[in-house]
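In the two complexes that follow, chain A is the common piece, with chain B as its partner first and chain C second.
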Partner chain A sequence: MAAPRVLLLLAAAALLAVSSVGDASGEGPRGRKLLVLVDDLAVRSSHSAFFGSLQARGLDLEFRLADDPKLSLHRYGQYLYDGLVLFAPSTPRFGGSVDQNAVLEFIDAGHDMILAADHSASDLIRGIATECGVDFDEDPEAMVIDHINYASSEVEGDHTLIAGDDLIQSDVILGSKKIEAPVLFRGIGHAANPSNSLVLKVLSASPSAYSANPEAKLASVPSLTGFLKSGVQKAGSKMSHDKAGNEQFVTETSKWVFHERGHLKAVNVKHHKVGETNEPSMYRINDDLEYSVEIYEWSGTSWKPYVADDVQIQFFMMSPYVLKNMSTDKTAVYSASFKVPDVYGVFQFKVEYQRLGYTGLSLAKQIPVRPYRHDEYERFITSAFPYYAASFSTMGAFFIFSVAYLYHK
Partner chain B sequence: MAEPVANAAAPAPAPGRLRNAFGGVLCAFTLILIGVLAFSIRLFSVIKYESVIHEFDPYFNFRVTQFLSKNGIYEFWNWFDDRTWYPLGRVIGGTVYPGLTLTAGSIWWFVNALNIPLSVETVCVFTAPIFSAIASWATYLLTKEAKGTGAGLMAAAILAMVPSYISRSVAGSYDNEAVAIFALVFTFYLYVKTLNTGSLFYATLNALSYFYMVCSWGGYTFIINLIPMHVLLCIVTGRYSSRLYIAYAPLVILGTLLAALVPVVGFNAVLTSEHFASFLVFIILHVVAFVYYIKGLLTPRLFKMAMTLVITVGLAVCFAVVAILVALVASSPTKGWSGRSLSLLDPTYASKYIPIIASVSEHQPPTWPSYFMDINVLAFLVPAGIISCFLPLSDASSFMVLYLVTAVYFSGVMVRLMLVLAPAACILSGIALSSAFDVLTRSMKFQLSKLFDDGPAISGNGSPNGSSASTVNTSSSKNEKTEKSEAAPKEKQSKKNRRKDKEVTESVSVKPKKEKRLSVLPLEASIVSTLLLIALGGFYVVHCVWAAAEAYSAPSIVLTSRSREGLHVFDDFREAYAWLSHNTDVDDKVASWWDYGYQTTAMANRTVIVDNNTWNNTHIATVGTAMSSPEKAAWEIFDSLDVKYVLVVFGGLVGYPSDDINKFLWMVRIGGGEFPHIKEPDYLRDGQYRVDAQATPTMLNCLMYKLCYYRFVETDGKGFDRVRGYEIGKKHFKLTHFEEVFTTHHWMVRIYKLKPQKNRIRGKLKKLKSQSSKTSSTLAAGRKKNPWQ
Partner chain C sequence: MPKDAGDAKLLFQSLNKAYAATPTNLKIIDLYVVFAMATALVQVAYMGVVGSFPFNSFLSSVLSCIGSAVLAVCLRIQVNKDNKEFKDLPPERAFADFVLCNLVLHLVIMNFLG
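Moving on to the complex of A and B:
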């Protein structure tokens, strides 16, 4: 085929703890400097549409050859780039100080990456993919074949160009505009372990797809089919097609990958007793309190209030004692008020907000809850009046008795 | 030490008044010296090490005292501590015996009010020695009540340096027992004093002193059970008197009311079985008092009739009440007793049911050598003291005997209760020594005077002259003793004299003969015996000084060892705590076995999961389970508790035996008690606990093993554990969920950090990895981040 089959693997790293605070000034959640590693500078022009769309959105791309000996991801402990685009599927090893570990550490440090691979994927690329939870078919000649959902092709019986339209149902990842045409794909198959909770399948092939070497005689197709039907995930191709949704798919997913969409931040966590404004260092059992947090979403250009009705607050000590939906007033402020349970201990205000496509919000704020002070109990209890009466009458009686005993006659 | 006693006891041949004054001054001087001795013998730890708080519990007390001195008493009372028992927290004000803290806090406040700028720590370090001095004075008072000044001084001197007490009260050992022993002895003194005088004043003081004891130590239940026992004993032996009533009834009423004021006791003062005996005896005492009253009113015949009537009715009522009580008590699972008390009554109880009590070394029964170590020659003197207490048996001396007997039993159950035995042993030994010296010096004097008067006369028994002289002597010395209680009101004295007179008339027919026989010993025998007794005392002193200097002065947070190269100091604990306090976030949680909880909060100021106040068994079991689980399960447990760091104590490199590996079996037991998937046999090979090549796979894969022995093989290449004395079983392994962040100089404390949750989960292909490691060795060879292997 003329154009390389490109497979995008989107690793939106650092799903945890991205509630970056303090940048309410219109700064985006991510920097704009990307490193694009290619194994041939011709890729720059052959995929100009893709790179063009990235640059058009203001991303600052730096193209380097994958085996550039001066390659380095960080200097003086600071990362030089905010994202990585690996368009070097066949490169056996990176140049400079970059290796598989460096790339993985880069991801673990909270950076994003787009990885492209085709049938010539090197062990290095496969290794990175595997570490991220995606396994490529080990047979380098294998391709995804689908005899039902295939796109038309010149060669009769060659069903390696498949049309995928099993997209993930998420406006955040794929944009609000629906991708009408199917995404055409030709290339190597890959699978993700269904038990892996950290991998999202944005685009899957149909259940009838399987991975095999189209040139070889197949002996055991059915057994493979079962495994791969759930496996094929995000795929895209630069191949032009009359009705292909590839360009839109790739553009929208790359927006998501580089946090131009679906990035939430929570700021201004406040809590105080009802009727007060100061934040106490400790609550007492049965206090009434109010909790509020502002949640914004990055729209690509500015922070917009995030509107949802399912953000919940937990008052948590080993298990949630209070679990409540927070109400919002459309100005990003979510608030809830509740009564502290009648249990003392070290509690946490917890907001755990994990929604498909959005960065997770995981706020935890520790707050101790103390029992009553000695002088905060009720002084006189109505039901104890008989006892008060008994004790005081006994005292009085004893006094009278003493007087009578001592001074009578 | 023997001389002053002998002097004080032996009457000088001078007119009464001057002699008394002389004796009083001498006695006061001796007491001051005893106080100085008690204080200074406890300073070895400061001289040899430094002025630090020792061990574990004292660190908690120190922290509480700091809080008290900073925030005042009301804040202390309401203190909810969110830095321990995370996430449960602990209401310190309501769960701590505040006596020690309040005492030290008041001392600190007082000296600062005098513009003496002492730090809280200094005050805490020296509280125990100060109170040891006061305790020996209290012992003097108590023994004096029972057997006179001579015995009192003797007992005080012995108590001032008894090793058992030193072990709990050296400078820096800032624990409840430090003031509790004083409170215990002083309460007994006031009880005996009330018993001797029948004064309501002392009875009230007694209740207050009991209150102080309740504030100070959970051992107050010993008082509230021993005194009823003694009262019962007096009643049974027909020694009931109005003095007994005054000594006991106010104590129960006032004492119980006051005890209920202490938050940690509260309603326990009337609800738990520990206090039950006192109320029962209270009722019996009233019944007996009533019977005596009736007896006085009625003629003997009528009285007999009334008795039979009352007894039949009373027995019926008693049966009903007892039946109800038994039913009530039996319906509660622990029979209304706390675990510690139950293990006192049934020594095997704890080891059977409560591993957390059994796991504490000081709750173990003592071994025989520990008796010789802790009370030394007193063990031999005590029987003599008991005999002496029976000559004659008074209320006070019977109390001493009873105290000793019960204390011996309790000390046999729990080694820490040796501390309660120590004052009893000292008092009885003091009595024994004093009586012995009394007898010996008297017979010497008698013989000598004979020698000078009659020349070589018969030094045998039963010369009429001698017998009369000796009786005169004894009675006069008795009178001196009573008179010598300085500045006592006349009234009291006369009361006492009345009593004494009665006693003397009672016993005069029997006693003089006995004393005569005992008192007049051959001169040579007397001299030799005196010398031998002095030598015995000398040995005791030498032993005590040795014990104070060598055995009991180690602060246990700083260790030393002497080798050929010289003195080695192991300061790893403080190194580790300092690391924690400087390198971790202030709200980080540190998990360790509970032994180190108090120290971590006090020294590192970090939140801990469990600490030495073992109030929540489940929480401790959770930590125990985590330590006995494989790495991943442990990580999950710790993560659910928000733990950031895990601290283990490891002695294998330097041979420090009380490390976590040696305590590990208790973690398994306690963990397994709550979480049955932890099974002790999984960690034992053929019933043997071992961590060498023979160890079970469960043992070699548990978190504790891994955290202790991680990289251990790098030290000597073999992994030879110097505590266990063999090479460890699994030497080369990697940690996947924990990372080592700090190991102290001698590897005694190792701190690990929980790795954060994985950012990505690895795919399945393993073949690829091996290929890639072949092709590009730099990539895969150095990888450490494989999460699930």
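Moving on to the complex of A and C:
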């Protein structure tokens, strides 16, 4: 089936749960135990570079066959693992108590997963991917073909080994070092619904790629990690790279998937009137107040202060009355000070921070705002002087009148 | 029309002549009432311009003017010798009532003035 543009996603469905206030400091947001399910234990050695890089970063891998009858994700109500790596595309059924629902519940509970699929992907794997918002090509014989951006180091003529370099623009997902070489890919195409806001396209093929059945024989293992060391040159491009971008791409993305980058937490919300330190339970209109919050990012080993200049504080009641950028002095404390608006009611201090690749921050703290008390006005209001004058003049007139009335002749 | 203007002038002159016949004390009361109402109108005009911000002050001063006018009118009614209804009421009693009521009125407006 030919589609005008087949999108190539790195099939890593990682759910980043909304960060909660008050994580234990010093401990990361996620544990380090991963369950790796494979079709065939030979995958462990054929993909040893990838698994080696995971283990070097402190992740604890447990390899099991996908149809192992003693497989289980949880015991006595608690999950045994913190993440799942599914390198078992052709398994029709998982063993033990694991099935599609169990995997989806595992993800919904806030854990991470990497899923790999190729042309032989079973319905089980396709079903899991569809539930996560990614649809694989239904034709089991189809592969992604690109006659313009294929790798020219391959001698096969069917151009199924393509070079993709349309990467998402995000330092937090792909690391701060730019991936220079294109990423080699051979496999099936998949698509994500563009209206789905929870799915990110990390790597796409060029617009000249499509998915169809080539006549040549098909590759039989997921090939994304098979090209960590081979050189690549895009046909038609003059640049030649010694090493494909695969290794860097896969390593950096797995760092993001397993929360070593981009996981934020916000703690210590404080607010007080300017000049005081205690936190009042109520403000008055036209008060000056200060708000501060601490935002940290998990760096893989510790919580480091998160530095950005676009975190905003809202003073919100049905709509934001005040919307201000918070400033930071690089010590994780974000603060802003503003004047309470001239409207009374129940407001909220709101911080809404959703950025590509980062956990979303959604903080709200309710605070009432009261109008002036009757003794908080100035003692004599200038605009009321005519009224004061009129009242006193009436009293004076009454006095003069009674004198005149009593003593006139 | 010249005839209407002449009629109005005649009407005005006859009214004036009739009014000149009222006793002096009633005329003094009338003058006091006119002063109070004029002050009230000035207050309302000022509020229309500036807005009603210290509304209690506005109400207090308007109440003071109108209340004084009302009390003065009551005094005039009771003191007027042509009034059959109050024939037996001594005018001193009427004046004393007037003074006491004014005291209460001014106490109230001083409180409400803010």
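List of remarks:
As a working rule, the second predicted complex is superposed on the first by the 327 of 409 C-alpha atoms of A that agree within 3 Å, B and C clash if a C-alpha of one lies under 4 Å from a C-alpha of the other, contacts with A are read in each partner's own complex, and residues count from 1 in each chain.
The rule is simple: a contact is a pair of C-beta atoms (placed from the backbone, for glycine too) under 8 Å apart; a residue touches a chain by one contact, two chains touch by 3 or more.
Everything numeric here is computed off the predicted structure, so don't read it as measured data.
Contacts of A:Phe401 after superposition on the shared chain: chain C is touched, whereas chain B is not. Looking at the superposition, the partner that touches the larger set of chain A residues, chain B or chain C, turns out to be B. Of the two partner chains placed by superposition, A:Leu80 touches none, neither chain B nor chain C.
By the touch criterion defined above, A:Ser197 reaches chain B but does not reach chain C. When the shared chain is aligned, no partner comes close enough to touch A:Ala49: not chain B, not chain C. Once the two complexes are overlaid on the shared chain, A:Ile148 sits clear of chain B and of chain C alike. According to the touch criterion, chain A has no shared surface contacted by chain B in one complex and chain C in the other.
Chain B meets chain A in the complex at residues 74, 77-78, 80, 82, 86-89, 91, 587, 607, 640-641, 756-765, 767-769, 771-772, 775-776, 778-780, 782-783, 785. By the touch criterion stated above, chain A contacts chain B in their complex at residues 11, 13-16, 92-93, 99-101, 104, 107-108, 123-124, 126-127, 129-136, 138, 192-193, 196-199, 282, 317-318, 344-348, 366, 368, 370-371, 373-374. In the complex of the two chains, the chain C residues touching chain A come out as 24-25, 28-29, 32, 35-36, 39, 42-43, 46, 50, 53-54, 57-58, 60-61, 64-65, 68, 72, 95, 98-99, 102, 106, 109-110, 113-114.
Residue ranges on chain A touching chain C, taken from their complex, read 381, 383-384, 386-388, 390-391, 393-395, 397-398, 401-402, 404-406, 408.
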